[in-house]
Each structure stands twice: as structure tokens, then as C-alpha cells.
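Chain lettering (A, B, C and D) follows the sequence in which the chains are written, and residue indices restart at 1 in each chain.
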Amino acid sequence: MKIQKPVYYGDYLQLPKILNAQETESQKYGKEAHDETLFIIIHQTYELWFKQIIHEINSVKSLMDKDFIPSLDLSTIVARLERVGKIQQILIEQIRIMETMTSLDFMEFRDYLVPASGFQSLQFRIIEAALGIKPHHRMEVEKQFFTSRLKAEDKQQLEKVESELSIFELMESWLERMPFSDFDDFDFWGEYSIAVEKMLAQDEKIISTNPSLSQEIKNLELKNLALTKNTFKTLLDANLFEQSRKEGKVRLSQKAMLSVIFIYLYRDYPALQMPFKLLNALVEIDENFTTWRYRHAIMVQRILGTKIGTGGSSGHDYLKATTERNRAFIDLFNMATFLIPKSSIPKLPSIIKDQLDIVYDSFRS
Amino acid sequence: MKIQKPVYYGDYLQLPKILNAQETESQKYGKEAHDETLFIIIHQTYELWFKQIIHEINSVKSLMDKDFIPSLDLSTIVARLERVGKIQQILIEQIRIMETMTSLDFMEFRDYLVPASGFQSLQFRIIEAALGIKPHHRMEVEKQFFTSRLKAEDKQQLEKVESELSIFELMESWLERMPFSDFDDFDFWGEYSIAVEKMLAQDEKIISTNPSLSQEIKNLELKNLALTKNTFKTLLDANLFEQSRKEGKVRLSQKAMLSVIFIYLYRDYPALQMPFKLLNALVEIDENFTTWRYRHAIMVQRILGTKIGTGGSSGHDYLKATTERNRAFIDLFNMATFLIPKSSIPKLPSIIKDQLDIVYDSFRS
Amino acid sequence: MKIQKPVYYGDYLQLPKILNAQETESQKYGKEAHDETLFIIIHQTYELWFKQIIHEINSVKSLMDKDFIPSLDLSTIVARLERVGKIQQILIEQIRIMETMTSLDFMEFRDYLVPASGFQSLQFRIIEAALGIKPHHRMEVEKQFFTSRLKAEDKQQLEKVESELSIFELMESWLERMPFSDFDDFDFWGEYSIAVEKMLAQDEKIISTNPSLSQEIKNLELKNLALTKNTFKTLLDANLFEQSRKEGKVRLSQKAMLSVIFIYLYRDYPALQMPFKLLNALVEIDENFTTWRYRHAIMVQRILGTKIGTGGSSGHDYLKATTERNRAFIDLFNMATFLIPKSSIPKLPSIIKDQLDIVYDSFRS
Amino acid sequence: MKIQKPVYYGDYLQLPKILNAQETESQKYGKEAHDETLFIIIHQTYELWFKQIIHEINSVKSLMDKDFIPSLDLSTIVARLERVGKIQQILIEQIRIMETMTSLDFMEFRDYLVPASGFQSLQFRIIEAALGIKPHHRMEVEKQFFTSRLKAEDKQQLEKVESELSIFELMESWLERMPFSDFDDFDFWGEYSIAVEKMLAQDEKIISTNPSLSQEIKNLELKNLALTKNTFKTLLDANLFEQSRKEGKVRLSQKAMLSVIFIYLYRDYPALQMPFKLLNALVEIDENFTTWRYRHAIMVQRILGTKIGTGGSSGHDYLKATTERNRAFIDLFNMATFLIPKSSIPKLPSIIKDQLDIVYDSFRS
């Protein structure tokens, strides 16, 4: 290796550029607002972290966009998705810094920023799109709120990402390639059905004989239970499932869904540890953005009340409305419904078990 | 001082009692579930912390239940309420420990616990009541969910606390005793009105001339603005305010409300620093319980999906419904609406300013 | 399943016992100190969590105390050790609650507690012992500080745990059983040596040609490099290694050490993912206790300064001295020294690679 | 107000500059290392936050650089210093992101960065200097490590800050201007001395009669107690104090020190609440940087072991050595030594008490 030339810290990080990119609007109006610098810098750190998240997500997309994903690649994918989760936690915790700005101080420069708005963060929309949020998943009001505000070239860039395969879609194909929905000589899903029915019967008994529930609550619970039963029925019937998918109640295909359940149930086998971690990392990412939106909405409420924000609109209601939406992996989040007690899980035949296992500490003997 | 007898760590903490209070139900059925111990211990730590919170709240109540609160007592009150906030943060973070229990593991002992339920935590209800949640604030479904489940003696204890003056009520009297709603020779609220009107006019202009908002959104925003204007009108009109209070839109009296606004605007004066911190600590307490309920609901969703919990009911929906409710200090949370830019705040006449200030570093000269 | 009888929340958690175990010493002297209740309750929560940690560690010990550890058990072990890590994080964060107690308030009841001391926490010593801290690892002053203070029956209980196989020893046997120190037809450690030498030669060049280092610093660094070289030499020479172990510089046997290095280098293979996570979880546990001791020492310094604590001694210096000691898995903590760039890691022959891998998404075809 | 022109989010934040400032060295060598982007971006966020900290510190310096600090300014100072504390917490927590980079991955590009080093962060040195770390406070090795590495213009900039009044010095003058070291008709320090002597006599008795301490430990503790006594003697004797200061054992002047003690003892009075918070915020800042250095050192140890870093030196030992040093406000950190039980604090005469107090809720009557 031939070292090119000595590297200097400040040059390597391009600090002259980075540290000279804070120009307050308030000073243009002759009245520098002290806290505007904080407002700029915190948003710049957000955008830097968004760039890093995109860097990770893009690498994950290209590692997943193959007919076969080798196990070493799978490890890399999981590590990078987990890193995204760590970054998101900082995005959430950073809100505490923003909260040191009082309403009174923010109002000093808010008017100068109109109509700029966080809704114009192109990178954030790109992240959502790359994870799997397509335009048809968004609420109408949401689209209006931000699409109209993006510059033409930004809009184009977003549309490009939306037209590509998202992580959701790549994950779905990978799950569909797995051999868990139909085993040759082993009626796994039949045995699973029996275990489920036993569990639900037990639940029904628990509700009916519970002395501390009023009849009204009991009826409510029994109605819920009937819904849960129906959910299982739908899961195991290809036609019903497809119908449910068309209605938007579920995003994953049935084949992929069954693979997910199998992975969740047998996650402790070496062959399924990484697949499970991958799914888990994706739920975490959704969950972190949900928390971030929630905390963000609360902060806006505390600083603005019902007053309008820099974008010329009272973002709070909108922010709250999208808090729980925009989960690309909502099906994974809802997975607990399909899990059953450890002791009721069907025993796997040796032939299958052996393929999932590695006898890790004596494999050479 | 005469030392009584040497103290031994384990005896002082009564560890034989504390550490022998974990008996799993699963082992009674002959099949010890490893994770049930965690389930018991985490709930026991929650209850210990609830006891500590009640200890703090009770001392705050008795310090506030006076016609005059000396400033040293005010400091003590704030310190104890802030401690409650720190405890709550641990309650929230502890959920991460509970999350290490998988759905599969929980299902192993869930059935044995029926119909016990976290809704039966008497101490938690006492805390809510002592802060200011009265039975008529609760949702109908909520009352049904837990009141019917409490033992008679527990119900009685709760009713006793509900019948006493809560922190909300003590705070309200304290705010009403303050002299900020009507100054002799200074029309503060008149000047405040003028500043507000200027601000709202500016907001209207910002919305109307915003090139990046569609007409539809503009109309929506102008409608919101009209609502905000109305909120201000109500604030400054005794009759309208009382009407609004009767409709449950606001809990505080007008006199108390105006004191809050004054404190928020002039919080930096020595005389108002502690009052502001007291209000802030109360908002924090509400906020922390909101976050706790939210995180709790998410955890339940992840472990149970739509399945029922130990109480024989699917707690998730109920938990979500109460997440944002049960804020005793909701009026303080919504205060930002009434704040205006620092530079628009009315200048106080010297006579008032002097009473709020302390010339702290040369007061003896 | 026959449900025995309905369970009530408060009875299940034995709350009457738990919530009636707080008796302040100060009130015995006729002068209740408000903050003593906090002091008691926080220590009780610590002890409850210690009990939970012991519950996890004991189960891990019995799962590891076998000639062969099946992979499903390995997953369970890792999950439980990771749970210990999560509990420790709460132990650390709880210190923030203790920090709400001022020096002035603590001094109000400190004298009444003499000579009780946190050094008398039997459970904490049991945890250290079960992880792998034997009496000969402790500093002389440390032994004096706490052993003399334990009651006879407590001392006995601790000695029993110290005489049993610790997690350190069980981990060591498990590592020694692995087949990585000597492959039949593949000179792995020879290839590793070559990679190491290349890396060290590069390091030497970097130091020598670094224009921004003074000659003095360069000499210092070259001396350090020589030490590092020696460390590698020792690693690969059975006699030198054994010598180093006798001198207490390293705790693990050479065979176990080589397995660790192999696992760290090839951690991404399915067969080694769980073994790596196990090692990592153990480092985390050590690290968390180190942080806990550090934060604890700082808190004591802030509350007491150089004054004595309840145990009648100025704990701060002692606490600081043990902060970095009492790491049972110090060898794992120091592992980074032996790692080399990803691209320099020896390529494994297919025969070995195949045994480490699982072709997870098409294994039935 | 005349709005200049509509602001666009991306332009306002100068994102084209910020997001095009990541150029990896590894790609110049033809072999892009995926993780180098993370390495660059995390350092850029650090530098952005350093800029924000400097922005806050500079404003605090100019607010404090006056003969008299009005109470509203004091509130502003405290708010900004507390904000610095919040930022530091993020700096600490961000380390968790860096920890997602494995040793193997870092080694892939480490060599390309030589001899750049975090020691070359000019902004970090400026922060230390502005707080109060002068060149003569630094260890010899530390100066060599970084001064020699700074570019000439950077060195100059640092020297400029070092030559200006630091926050430490401004705080000291402010404390010296306070009237607490000598009251006209009230021998405060005499009464304080009596309380201290009583406390120390009690401590001596506690140690001597403690049945659970060995004679050896007792002697050690009594020696420590003698040192503590001496510390108090020095505190109250102008000559001894000055001597101690010359020896570098203490940085503050005696007059300032006495003010600090007075503030700590009577912190709950309205007049002293903000001064106390100011001192507390400064201790927090020191403490946070200490934690940050510690966590940083641990991370480096985990990634590099005894291998050299990008600066061509094994930073770990150096990092550890400076962890506890470079506290500008060490005297405040050690303050607990001088605090006494709340009930022993001398009662203030009304004339003094009235000046410290504000009868906040009836001051107009």
C-alpha cells in the first residue's frame, strides 16, 4: 500500500464546509435570535444521520436483491439494520436538546422561516420509500402536505426511489423462497391449527368463567375472540388471505406470512437466528420512527400549542395522525397474534430439525 | 445522640421478607416457568416505586395545603415532584427488561394468573387520584375495567383518596391566591390582548400568502386560526371561560389560568422561577405517565397481539385509549397556545418588576 | 389444566409483605427524615433485581454444566445473559434517582445507619462469585472491607458459591472442547501469524514515518509495539502462555483463548453467531458492573466528599479502586488486540466453511 | 416586518454543502470501506455539536463579563449551560453508534487516515479552554500529543481563547463580589465552624466504636478524618488557603470558595436558587466530559486493544489518563466535603433572611 499523503483531521472531515453552513435568517432582518443557530444545527445533524441511514439501507437493498442470500451476507444485513436502529435512538434522544428551546424563544424567529418546513426533508421521505412506504399507503392529507412543497428535482428523486424495489418487497421475495409453507411428509400447518384451536378454546373458557368480568365486558371479549379466530382462519386459507390483502388489511403474501410465523416459532435454531434477527431489526426500525413521530408531535404541541409552525400550518394534528401510520412492516408488528405457548409448538421431525441445527461444538468429530 | 444498636444491611432493608416474596403460580401446577420470576419481580419493583411516589406526593400535598406557602417549602415541593419524574423515567425504562420476555415464554404461565391484572394495582390508582383524576374524568369502560376488580377494602381506600383535595386542587387555590389577574394601575391583560392580536394578524398573513399551500389547506388553516382566536377570546372573558369550563374543555378556573400565563411569560424573574418549575414538574409527571402507558401498550401488543391478557381481556385497545387521557394537568400541557414572542411580551412597570426581582449579588450594599 | 383458584394481583405479588418492609431508623430517634424512605426503597429494588440476576445466572450455570451444549440451549443461555445486561442498565440508571437526594438531606439520617453498608450486600458478592471472581482475585483491602462485615451465615453462603464452578470456568471448558485450536490439514494459526506480522510491520512503518509525532512519542509508541508483538508471540507459544497465566496476566487457558479468537474472526457464520453472542454478553455484563461502580463512586463523592459513609469509612477511594477490577472476563475485554483487518483474515477451506455454514433459504432442495 | 423571500428547507440548512462533504479515503485507494462513511459522519455531527456548544459558551461569557449580572441574565446563562449539558449527553450516547463498527471493519480503513487524529479537533480544545483549562493545567504528555499536531493557524486560534477570560475566571469574580464571606453583625463562619466540629467529633466516635471495622481499617479511617479536619482548617484560614492554592490543590480563591459554600447551604432561598443552578450546571458539564472521555477510552480499547489508532499512537492509555483530569470546576465537584446536615446549618438572622427571600404569593398586599 502506498500512502498518498498525510491526512489532517479538519480536512478529512471537510470542516471548513460543515462549520460554515449556519446562516440565520433572523440576522438578515437585523436581529439575530440566539436560538436560531440551535435550530439550524440540530436539523443539520438530523440530515447527516439520514444520509447515513440511506447509506446503510442502500447497501442492504443491494445485498438482498439476489436470488440467494448467503449467510455471511445475511449477517452483514442484520448488522447494518441494527445500526440504523441505534442511529434512530439518537434521533429520538436529540429531541431533548430541541426541548431546551422555549416557546418564547422560538417565536422570535419562526416567522422568518416561512414557508420552510420539516415536511420538505427529501431524505426522510426517501428513507420511508426505501423501506416500503409507497404513495398509495400515505394518507391523502399527508401527500398534500409535503408533495406539493418539494422542489421539482426533489420530487423526481423521490419518485425514482418509490419506483424501485423496497426492502419490504425484497424481504417478501426472500420469505417466499423459503420452504416453510409446505413440507413434503409433515403436515406442519395442520398440527399448528390444532394447537391454535386448543389455545383459543382455553381462552374462551377463561373469559366465560372469569368472576371479575361483568357480562358486558365478557360479551365484548368474546366478540374479540371471535375476531381472533377469524384471523387464524384467514391465515390458513389462501383465498380468504388474498381477499384480506386486497382490502389492505395485510401487506405480505400468505406464503411470506407463513414463513414469518415459522421463523418466529423456531427462532432459536441456528438456521433461523439470523432470519429472525432480520425481521426483528425491521420491526425495531418501524417502532423507532413511530416513537420519533410521537415525541416530535408532543414537542411541537409544547412549543406551539395550536399556533402555526414555520410551514404555515399547525403541524401537530397532522403529526399525531401519522404517528402510528407509515409502518412498512406492520404485519411483523402484529405477529404476536399468531404465536402460541412454547410447549404447544409442534415438534419437528428429525429430518427437518437436522437441517435447522448445527452441532456447533463438535462438528469435526 | 444515643445510638440504639448497630444496624445490619440485610435487617435494615428487611431482606428476608423482600427476597422471600416470589412464589410462582406455574410451580403450583408442577411446571415451573422460568420467566414467571421475572414477571413477579418487575411488578414488585413497580409497586415499590409506586409507594415511593405516594410518599413524595403525600408530603407535597401537606406542604401545599396551607393558606401561604413559604419559598423554602416551595423549593422542597419542586424537588420532590422532580424526584417523582426521575422515578417515572425508570418505570418507563424498565419496560425494556419486560421486553426480553418473548410471547412464547409468557404464554407458558399466562393462564395460571387469570384473572389477576395490572388494573388491580391499587397504588397506581391512588397516584392518579392524588394528582387530580376524579372518577368523573375517567372513561366509562375504564371504570368498568378496574373498579369492579378491586377488593372491597381496596376500593374504599381509593375512594378516600378521591374524596381528599388533590394536587390539582391545591395548585389551583395557590394560583388563585396570586395577584396576577388584576393589577391596580396597570392594564396588563389589555396590553397582552394587543400583542396577541398582532401575532394572530401576522399568522393570518403568513397563511394567506404562503405560496406552497394549496387553497384547501389554506382554508383548513384559516379555520384553525379562527378557533385559536376564539380560544383567546374565551380566555379573557369570565363568562365564556366559565361556560367552557362547564363543558369540560378546561379544568382550571380563569383566575388560576391567568396566573399560569403570567408565570410562563415572566418565569425568569427570581420570584417566579420556582412557581414555574412547580408547574413544569407537574406537566412532566403527566407526560411521563402518558409515555409509560404508550410504551406499555406497545409491549402488550408485541407479546399478545390480539390475544387476551391475564385479566381475561385484550388490554391493548383499552391501554391505547387511555394513553392520552388521564392527564390531570392537561391545561398546563396546552399552555403554549397562549405564549407570545419574547420581544412582544408587555414591559412591566418598575413597581411590579421590583417585587419580582432580587438584586442577588449586591443586596447588602 | 385445572385452574386452582382465582388469583388477585396484590396477593400474587405478596404486596402486604413488600409494601410493609420500610421502617426508617430516623423515626426510632423521634425525627423522621423524609428521604430515608427513598434510601430504603431504592436499595430494596436493587436487591430484588440482584435476586433476578441470580435466578438467570443459576439457570445459565446449569445449562452450561454439561459435556455438550445443544444449540437451542445456547440460544436460551444467550437470551438470559442479555437479560442480565438489560437489568444492569436499570441498576445504572437508577442512580439518577439517588442523586436527587442532597448531601444535606442524607446527613440527616446517615448516623443512624452505622455501621450498615452496601458492602454487606450478600447477593452482590454472590453474583460476582458466580460469574468468576474468586477470593484470590480480590484486592486485600476489599476483602477486609466486606468479608469481616458479613454475618457468619452469609459468609458461609458466599463461600459455597465460591467453591462451585463459575460461569467463567464453565465457559472455559466449553471453549476448550471446541475444535479450533488445531485443524487436521489446515495450518490456520500459521496463516494467522503471517497476517499478524504483516499488520505489525505496517504499524511500525506508520509510526516511524508519522511526521506529526515527536521522536519521544515515536520511541514510546515503538516500545508499545514491541510489547504488542510479544503478546502475539506469547499467544502462540504454549509454554510462554502458561507462564503468563501463572503470573496472572491472563486467566483463560491457551486452548480456550485460541477458540475465542477464532470465534471473533468468523463470528458471522451461523455456527459461530451464538457462541460470539455468548462471549459478547459476558463482556457486556462485566462492562455494566464497571460502569455501575464508577457512577456509584461519583455519586458518593458528590454526596459525601471526603466524609465517611454509613459503614464508617470513606467509601469513595475504595469504590474507585475497584471500579476497573473485578472483571471476570477481562481476557475477552482485551480481545481486540488479536483481531486483524477483515480482508487479511485467512480464507477457510471449503470443508471447514461448510461445517460452519447453513444454506438457510433453500436447504430442502 | 417585510418578509424577504420564501425559505426552502434544503437551502436554509445548506444541505448541498453538508451532504456533499463525505469523501472516503478508502475509495481513493480503490477499495471503498463501507463503514468509513459512518466514521466521517459521526465525527461531523460531533463537530457540529461542538460548534453549538461554543455558541452557547461564548454567549455565556459575554453575559458574565460584567460588574453586575441582572437576575434575568442569570436565568439565561443557566438555561444555556443546561443546554450544553443536554448536548453532551447526546455526545455520550452517540458512542453507541460508533460501537456498531467492529474491530475487523475499522482495520479496513484505519491505515488510510494516518496521521489524522481526534486530538486535532480544534473546537474541542477551544471548549476546554473557554471553560477554564489553561495550558499549565494539562499533563505534559497531553500537550505533546495534540499541540504538535495542530496546524499553525489552528494553534493560534486556540491560544487566543486561552488568553481570554474563561468561564472559570468569570465565575470566580462573580462569586468574589458576593457578600457572603463577611457579614456585619453576624459571625456566620464562626457558627459554621462549631457545627463542623460537632459533626467531625461525631464521625470520630462512629469510627472508633464501629464493631465491624478492624483496627487497621480504623486507623486508616482516623487518618482520613484527620485529613478532613485539616481541610476545614485550611478553608477558614486565609494564609493556609492561599498556600494550598499555590500548591495547586485548589483553584478558587478563598473568598469565592466561601460564597460557594454559602450558596450550597442556603440554595433553597429564591435569591440563591439561580446561583446554585449555575454552579450545578458547571459541575454537570465537567462530569459529562469526564464520562464522555471514559466511554470513549473503553470504546477504543474494544476496537483496537493495544494496537495503534489513526494518529499512529495507542490512544487508550492516554485517553484513560485524562479521563478524570481536565475538570475546570474540580473545586465545585469536591464541595460535598464542606456540607453539613440540614438541621445543623446556622440559622440566619431575619435581616439576612429577608434579603434572600421573596414572599412570592402575596407580595402586593
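Just so we're on the same page, contacts are C-beta pairs under 8 Å (C-beta built on N, C-alpha and C of every residue); 3 or more make two chains touch, one makes a residue touch a chain.
Everything numeric in this text was worked out from a predicted model, so none of it was measured.
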In contact with chain B as well as chain D, sorted by label, we have A, C
The chain whose C-alpha centroid lies farthest from that of chain D is chain A
More Cb-Cb contact pairs, comparing B-C against A-C, go to B-C
Rounded to the nearest Å, the gap between Cα centres of chain B and chain C is 38
Chain-centre distance (mean CA atoms) for chain A and chain B, in whole Å, is 30
Dist(centroid_CA(chain A), centroid_CA(chain C)) in Å evaluates to 33
Residue numbers in chain C touching two or more further chains are 1, 3, 6, 111, 114-115, 202, 211-212
Per the touch rule above, chain C residues touching chain A in the complex are 1, 3, 6, 68-69, 71-72, 74-76, 174, 177-179, 183-184, 202, 209, 211-212, 267-275, 355-365
In the complex, chain C touches chain B at residues 1, 3-4, 6-10, 12-15, 17-19, 21-23, 25, 28-29, 34, 37-38, 40-45, 47-49, 51-52, 55, 59, 79, 82-83, 86-87, 89-90, 93-94, 96-97, 100, 111-118, 120-123, 151, 154
Contacts from chain B onto chain A in the complex sit at residues 103-105, 107-108, 110-111, 114-115, 144-145, 148-149, 199, 202-203, 206-207, 210-214, 216-217, 220-221, 224-225, 227-228, 231, 265, 287, 294, 298, 301-308, 311-314, 333-345
